[in-house]
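Following are the structures in question.
Below are two complexes that have subunit A in common, paired first with subunit B and then with subunit C.
Moving on to the complex of A and B:
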């Protein structure tokens, strides 16, 4: 799956989690850009992405990802 | 909502919780939600438990407001002055602890006495907290027992060695259970079972613990919250009351009208027969818990009975209150069953293997539970996990409830034979007992305050501890009435609570079970209220009626009792006043009162 396809699927997940159809994430998107994205919603988000993409983040990856772009890199590497 | 019925998709619930919440609130617009306050004291992160629990409660018509302790502060919140918790005035306290909160485990060098001492200390840590919370908040407390740790140092020996962690958890759980047996309004949320049913390996996710201090895996939270919601909705009177069962391919394999009773699959002859026998045994056991069993089947009545009389069947015709075998729409049968039993249609659970029948009932009988059963080997599991009949109190009467309802149906048939209603009432040879609340009846009284919706003037709910406090308070007059007749004993059916203030009695609660409607029991209660007032030199009684979606039948109740309406607001709340006349003429002429008053006191 290419990065673009991953972004498409991430957008759907983000919209579900934050119940906001206007969300579009980019490489640079961080928690600061989405009002309701706090540390607790982050857990819910990670869980939903893992389920949707059929992969698991390691603890090391979860604590080091800085923005959505890095998240997409990890997903791309993980699902090939 | 279908998304929230077992079996559900946990991922969808977690992902779309905001949307589901919005839809539940939209659906319930215009209906009256029960508003309750729930304090969640956590030994680990509780945010998502609360998020999902809220959905399951909304689905039961309960809108919860939550207090959450700071992370891991469950014990401090309870034990040290906490004005915030007190000011919150919780209706329920839930303590979310797990095996991650067990502070000390036995080490291999410990003697048996040392291990005993450890367990005692660990249990005391909790019991002092429960005692204090009960004293502080006077509300039901729900406590998790312990799940097993996710690893086993010694392997299988963990279960039997005195140093084993699994053995330790089992012993602690027994002590928790013992506390629950000895204390009212204390309930164990059995996560030891839940984690096993879910799968311990998936349940415990170390990464969630180490990263976010979640004691269990995120995906397990919907099952956790669902299981917890059963206790809460049960405490708030939202349990189902009756089962309506299909026959062909639900209680036995085959179609009795086509195949004949001898060809049905039921009993130990075939594997399918065994599955159905297990289903019948499971359903029959519900009778002992006080659940009313009924049949709705598209069959000729004689065929339905022939099937139920199958020698290998476990359910027999006499196990049912109502058997509707006809060719009417099942939705219509359900509504009639609800009417004849005098319960609300939403208190019914409909069990039928046919998806088309499920659908018509789902559409036409609003609020009735319609589990999606199909393959018979899954039926028990689906019914069981949905927690329709979660037991939070067992009263003595539960075991004989089916018989009481059957007697009620017999009474109604008798009614048809009498032209004069008073003559009919006299023919019932009714005897009543009306007394102040007594310890023996506290559980039943609390149960009634939470279950009665229709004949209930104020719909004020009480927990058992509140009932006990009220009974002990000299500023209250409390009365509970029992009614028996020649068909059977109805048990405690009416409850009145009045608060005395400056020589006026304010009726804070007046309810009656609908199973004794139109039997003049309300007049017998009124006579007794008036008499208790006169004993205390009270000459004025005030009654209050607060309308709900369900209690329209008692809108004019106080008018019938001779009260005068003195106030009405725009919401339809009314206040009534009654000056007790001298002499007072007894209103009840048909019920003979027995065991009058207290211990040998004369009328």
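Moving on to the complex of A and C:
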């Protein structure tokens, strides 16, 4: 799956988790850009991504990813 | 050795002088020797083997975990470290709690549901600070297991992390990756660090010796003889206990953080004016912050990410809808989190309720009610975050914490409920104005000193909340003003504090955990 396809699927997940159809994530999107994205929603988001993408983040990745771009890198490396 | 005692101050002065006298590369060794001496001088004797053994278990586990390549081996080393940390904690602190609970059930259901004999509790000698150093050491191993930790390769340096004397007894709970650099790098003598550290220590002594010790007199009078008091007396004692607990624990933190600062070491903050919080959730982000952050990172998040909770979440979402399912899953995980926070404070239902589950209930109620209230206010065209409302929210937080802390202080959960009942069923506000207030251990002069000191504390907290460090603000004043402020605080504490050879200052409350 290429980065563009991953972003498409992430947009669907983000919109679903944060209940906001206007969300479009980019490489630079961070928790500061989405009001509801606090540490608790971060875990819910991670769980949803793992479920949808069929992959698993390590705890280290969960706490160290700085933006959506890094998240996409981890997903791409994991699902190939 | 109580850190408010004269002997401790002499001990600290010796360590400080040695610390800056030796070559800087050896400073950490002075702290290690000082930490071991502190534990031994504290009368703990052979109990020092507990923190030493726990440090050894975590050091070996951390090293092995970092070298292990397959998951099974990693899990085996993790289990080994859990046995050496949590296992010891469970046996020492919670074994008897299990026995008491079993005996309570036997007494309650004897002859009806099952037959059983009461069990005898076991007597353990509990090493000082076991609940605190265990978490700091466990966090180190878990970070390595999760792949986000730094590995220590020097056992003696690692032992200093586990036993660093200012933080060992009552925290703050440390993270190795944040403290490694702080503890081991050379620290040149810096006048500003030493003076600022001493200033913070004076502020901590003021909180502990002037406020907490005074409040304790009223608290002890009422709680130790609870069957002779009722109604408003319990409200007075409950409020005094919140003041005592807050000034005792945050005063201790000011002393240890200031003390560490004189060594050039910055420890993590544990308090951020918690009584200005507008909700219980916010209160816990400002009160005992290092415990909250530990519980969040190592209990709550792993729980939510566990297969069990992912499955629970999925089934609740499909049954109750996305929003409600997610909420209920979070509340369930929070229940376990708050149970853990409660039981960490001590093996007893009074702690599980008073420091745990009541707070869970308040947070859940807040999560459910606050959005409805905000919507209702918006529909009425009113601002749900008006200053007056926020002020009322701050008062509500104080009230809820006061109610929960009744259990924290009462001898048992049963007595806690009895006190609650009296607080809400007996109406005797006259005791607030008829002079009865001054029969609870403090005469009117002592009471006034305590009240004025609390007002000073509140004013400083408000200034702190406005932004900018208080010590930095004072440092910016002209020299005579600076000296006047610090010497006034010092002499206020010396003259009005409860201490000295004739007075046995109570141990810090959190020191018992």
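Going forward, the second predicted complex is superposed on the first by the 80 of 80 C-alpha atoms of A that agree within 3 Å, B and C clash if a C-alpha of one lies under 4 Å from a C-alpha of the other, contacts with A are read in each partner's own complex, and residues count from 1 in each chain.
As a convention for this text, a contact is a pair of C-beta atoms (placed from the backbone, for glycine too) under 8 Å apart; a residue touches a chain by one contact, two chains touch by 3 or more.
Fair warning: this is a prediction, and the values are worked out from it, not measured in the lab.
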Which superposed partner A:43 touches (first subunit B, second subunit C, both, neither): both
Partner chain(s) touched by A:51 [first = subunit B, second = subunit C, both, neither]: both
First (subunit B), second (subunit C), both or neither touched by A:18: first
Shared contact residues on subunit A - subunit B and subunit C: 16, 19, 39-40, 43-44, 47, 51, 59, 62-63
Partner subunit A, residues of subunit C touching it in the complex: 146-148, 296-297, 301-302, 304-305, 310, 313-314, 322-323, 326, 330
Residue ranges of subunit A touching subunit C (in the complex, touch as defined): 16, 19, 39-40, 43-44, 46-47, 51, 58-60, 62-64
Residues on subunit B engaged by subunit A in the complex (per definition of touch): 11, 14-16, 18-19, 22, 45, 47-48, 207-208, 210-212, 214, 218-219
Subunit A - residues contacting subunit B, complex: 13, 16-19, 39-40, 43-44, 47-48, 51, 59, 62-63
